[in-house]
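So that you can tell them apart, the chains are marked A, B, C and D in the order they are listed, and the count of residues begins at 1 in each.
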Amino acid sequence: MADEINTKSYKANLEIFSETLQRLAVDDTNIVAVTSDSRGSGKLVPFGQKFPEQMVEVGIAEQNLVGVAAGLASCGKKVFAVSPACFLTARALEQIKTDVAYSNNPVNVIGISAGVSYGALGSTHHSLHDYAVMRAINNITVVAPADNFETAQAIELAAKTNEPVYLRFGKKAMPPLKEVNDDVFAFGKGRVICEGDDVAIIATGETVYPALQAAARLKEKGIAATVVSMHTIKPLDTDLIASLAKKCKAMVTVEEHSIYGGLGEACASFLMQLGNHSQGGIWSGAFKIIGIPDEYTVTGSQQEIMDHYGISEAGITETVTTLLNK
Amino acid sequence: MADEINTKSYKANLEIFSETLQRLAVDDTNIVAVTSDSRGSGKLVPFGQKFPEQMVEVGIAEQNLVGVAAGLASCGKKVFAVSPACFLTARALEQIKTDVAYSNNPVNVIGISAGVSYGALGSTHHSLHDYAVMRAINNITVVAPADNFETAQAIELAAKTNEPVYLRFGKKAMPPLKEVNDDVFAFGKGRVICEGDDVAIIATGETVYPALQAAARLKEKGIAATVVSMHTIKPLDTDLIASLAKKCKAMVTVEEHSIYGGLGEACASFLMQLGNHSQGGIWSGAFKIIGIPDEYTVTGSQQEIMDHYGISEAGITETVTTLLNK
Amino acid sequence: MNNYPLNVGQKCTTMIEQKNTEMLTGSIKETSIRMLKEKSISYRKKILQYIVGAKAGHTGGSLSCTDILNVLYNSVLNVSPENFSSPDRDRYIQSKGHCVEALFVVLADQGFFPEDDLNTMCKYKSHYIGHPTKKVKGVEQNTGSLGHGLPISVGVALAAKMDKKDYKTYTLLGDGELPEGSNWEAALSAAQYKLDNLCAIIDKNNLQITAPTKDVCSTDPLDKKWEAFGWSVKEVDGNDVEALLEVFKSLPFESGKPSVIIANTIKGKGVSFMENQLKWHHGVPSKEQYEQAQQELDNALTEL
Amino acid sequence: MNNYPLNVGQKCTTMIEQKNTEMLTGSIKETSIRMLKEKSISYRKKILQYIVGAKAGHTGGSLSCTDILNVLYNSVLNVSPENFSSPDRDRYIQSKGHCVEALFVVLADQGFFPEDDLNTMCKYKSHYIGHPTKKVKGVEQNTGSLGHGLPISVGVALAAKMDKKDYKTYTLLGDGELPEGSNWEAALSAAQYKLDNLCAIIDKNNLQITAPTKDVCSTDPLDKKWEAFGWSVKEVDGNDVEALLEVFKSLPFESGKPSVIIANTIKGKGVSFMENQLKWHHGVPSKEQYEQAQQELDNALTEL
């Protein structure tokens, strides 16, 4: 299964982002992409060629990127502000906080090459803090699509939704999670990819696929796993988490992000406070957050970094096995 | 007790910060304060008068503030970069991430008027995301001193420690937590202010004092509370949390920050994963995070906002009572 | 698109192609100027009133930009409570958001909300807080962190170009605010996109919080900086309504270039003991000071 | 303090007050220039070698700034493996961090680490990654996000002034990098603090990733911008080692002002099919392309 990922026939979610945007732009001249010398990495070169009037380039100036995007959005443009996640959510954070979220300008902030996608370019180019900070800022939905299907759905929704959204993308070609996508995609509703009662693996973005691979390994070992693509980090699908907590003996979260402040802690704090919620009693299962630890990130390619920290088929399989054997 | 807070005889922690810095600067010409038109709010006017050669003013340009601070620190200066927390940790976030933390330049990043200290100036001036994002960035210690004692200790330590530190301050005059400060102050070691087995209240910064007030109210109701000043948010004093989890029936965290990504979630995720730790079994007590919810923050003075969200003597008392009655 | 609406003393609620600037004949003009001068004084009185009421506010900077806001809202901007949801309205985005009192007083006078609302300033659950937010009718964007107005304005002006709309975009910046790099990023984009429908106004009162701007982080020579960044520059006495009218009338200064007005102003303008005084940046007058200030402004009115 | 060390072809490891520029007599100078020219070619060859080895790298921008780094490290900077922990060393901070290959190749040549280390570039657990980090000896600061080098350099130069030290601070920026507002914030501070011990070099190769810089976000007229921001400006052919030497020799350009060198360069310099080609920003040569490039550079060497 592992080699499939590199198969040419799959597309990167970002390509689907670009294709979807091009499809939408045909009928809607209000669709606008804003870039900061990032159209190449954003796969938006064809968009720029087809819709030059709907493409705004601001140069290497991410603060201005977001400010301009907010201004455009306030005039009815459906804006996609596209730049590497590392710069967008750090260099331009205050613009996201005030010009987009607080001022409620419905910009779709598109963080590309997120997490450790940039691999050996190092920590200046990694975004391990973006879920954490976006969760702590009010009035912005936080979404990390896992496969091409979720990407197309998310972009269509984002173009329709008149609200600030942060969408996070990696770079890798992504295989489909399901053969038939018969489910309804909505922000704030996790997608159950496969079901099993021993462990719930809650993953997001590009980590859902290795989680699914791990579920297959676990099945061979007689461990039945539920795998959820929790594409929306905020608002969190707490109903789903609560129901899985009732059903499963253990829960593991997986994200290409710091273990602090992201999906894992969102689940942990919800579960810890569940005793106070209407949904039911206090959680007593085993729980583990898989992500990038708080250390100088190991150097190497994205895959090497992910493998190093166990955000991989093998790593997730091992973590679950250990957790259940406790 | 409530009126004591407003008594003139108490000083704001920021004043102690400034006094301590002045004291240190007498013997150490390497102590440097860097400001961005913020020396007034940073209480550094007297520092600037006494040590004009050790004061760097960059004007209203927070990115440059942190970049310059990093450069100075790389040359052996003991730098305190002082600006409102809202701007520092948003406008200058990438400089903190790369120039301070990643490059390991030992700047003391001083976020002033943090949380909702600026009250009716509104959300542009509030920092509800700073713990979240600083926790997710590697190589920076995150500290919020609660009273004058902790402030003086923290500043002395920060001047000595050759590491990046984020120190967060409010504006209010703060009464002492203890009559006699006989404990040793160290980053990463929570201070137990009072002890009781029913509930552990883990608070930080300016919220420790109302937590202590709440403990007095609870005592009247026959509820024995431990109150901890968890001045260091990262690294978290997990030994202390683990031992309190063993002892107490419930745990409540209090912070002037979003309920997402801060002290509360740090505690929750630690406790949820405690089953996997050597310290002991799985937590089964009640748990609640008190902080600012993820909504458009109510408008008003700092006190009104804190009261509104129950980050107050009355609010904490009520939350604990409700939690224990479940 | 190069023709700015200019409605001295008579607001139009819909956009009028108004090539005929001769309407500014002598007598109308004099009346209008007098009315504007009266308004400036009355605005200043109210600014002080609501700052004292709220026990907080940015006094000096609100008084320095009063005349600019006065002329904009009464004679330049095509914006009103009635057309505020129209995509064709002119946009005014106040980058120096801390001087919200000036904005609120002018918006109330324009009928965006009952002036009485301002008695709730900075009170619990009031939307009349210490910086502009869109919860208050008439406010385009939430500002307060400096250096945000110009980038947003570039987006707004760009949208006009894309949609071939005639509305103009104005933004007001403080001089202490100018070191923020985001301003210069936006300045470059505005020039790149030839946004001659955009006008930035610098409230150059030469003071910020800590000290005179030149001692904190000088941006002189200011005209040279904006010129080098591709803008067309004019200087004006920013406390002279007549001079302001003239300069706004000449917008855009050059076709194909964004315009910047360097408005030389006096911080604390209109109140003798506040003028050019650092401490009045966010000083709140005592009862005596308040009374003296009102008296001085009343005197100025009779002396008009 | 106004006297820059200039050690053509002979590095000094300790700071020497070197007023005697006459040592640059004709023949020494010629030898040195020839040596520098040889080094430039050999650096370019190695840059390509390690980019091919790592299967990644910023080819065009590394080749455009090779001559600048060459002259800096071989003839200007008072920095060496031996004095690298001395507080008196000159500082070079590469703001355009993506062109790390040029830096690594030059640092290896200076003896900061065995050149062989570069065979681990971008490999698992190697510290020779795609941007400079302090884990590599000789690197002053972790860069890679554009617009960070100048603010840090201002801090470093300011520390020299505070400590009355003679070291100089140099930083290299890309032309596409210049719109980042942080640069202009730092430019203002440098002028405010009269940092004539600071020199910024702009690698003006006129290209960035998407398109020519003038079409993305033009910063022309570049000299006017820096002048208006209080800097002293000189332009130079940034691929001419002799011209570079001269211009560095004349630092500081004015006492009491920071200096900026606008170095006009060719992106992809030295390899015919890479020169001025957008796609070589981070293009990795194929085997054939690599061989042709090496051949061209070898030819250039024989033609010297």
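Note that in this section a contact is a pair of C-beta atoms (placed from the backbone, for glycine too) under 8 Å apart; a residue touches a chain by one contact, two chains touch by 3 or more.
Worth saying up front: this structure is predicted, and the values here are computed from it rather than measured.
**Q** Identify the chains adjacent to both chain A and chain B in the sense defined at the top.
**A** Expected: C, D.
**Q** Counting only Cα atoms for the centres, state how far chain A is from chain D in Å.
**A** That pair's centroid distance is 38 Å.
**Q** So how far apart, in whole Å, are chain C and chain D when each is placed at the average of its C-alpha atoms?
**A** Averaging C-alpha atoms per chain gives centres 45 Å apart.
**Q** Quick one: report the Å distance separating chain A from chain C, using the average Cα coordinate of each chain.
**A** Distance between chain centres, rounded to whole Å: 42 Å.
**Q** By residue number and range, which residues of chain C touch two or more other chains?
**A** Within chain C, the residues that touch at least two other chains are 133, 142-145, 179-182, 185, 188-189, 192, 217.
**Q** Which parts of chain B, given as residue numbers and ranges, touch two or more other chains?
**A** Answer for chain B, listing residues that touch two or more other chains: 58-59, 61, 63-64, 87, 90-91, 94, 98, 102, 123-124.
**Q** Testing understanding: with touching defined as stated, what is the shape of the graph linking the protein chains, line, ring, star, complete or other?
**A** Graph shape here is complete: every pair of chains touches.
**Q** Along chain D, where are the residues that touch chain B in the complex?
**A** Its residues touching chain B are 87, 133-134, 140-145, 148, 150-160, 162-163, 181-182, 185-186, 188-189, 192.
**Q** Which residues of chain B touch chain A once you look at their complex with the stated criterion?
**A** Residues 87, 90-91, 93-94, 97-98, 102, 123-124, 128-129, 131-133, 135-139, 234, 257-262, 264-266, 268-269, 271-273, 275-276, 282-284, 286-289, 294-297, 323, 326 of chain B touch chain A in their complex.
**Q** Within their complex, state which residues of chain C touch chain B.
**A** Those in contact with chain B are residues 54, 56, 97, 122-127, 129-131, 133, 142-147, 176-181, 208-211, 216-217.
**Q** State the interface residues of chain A toward chain C in the complex, per the touch definition above.
**A** Checking each residue of chain A against chain C gives 32, 53, 56, 58-59, 61, 63-64, 66-77, 94-95, 98-99, 102-105.
**Q** Contact residues on chain C for chain D in the complex?
**A** It is residues 179-185, 188-189, 191-192, 217-219, 221, 224-225, 227-230 of chain C that touch chain D.
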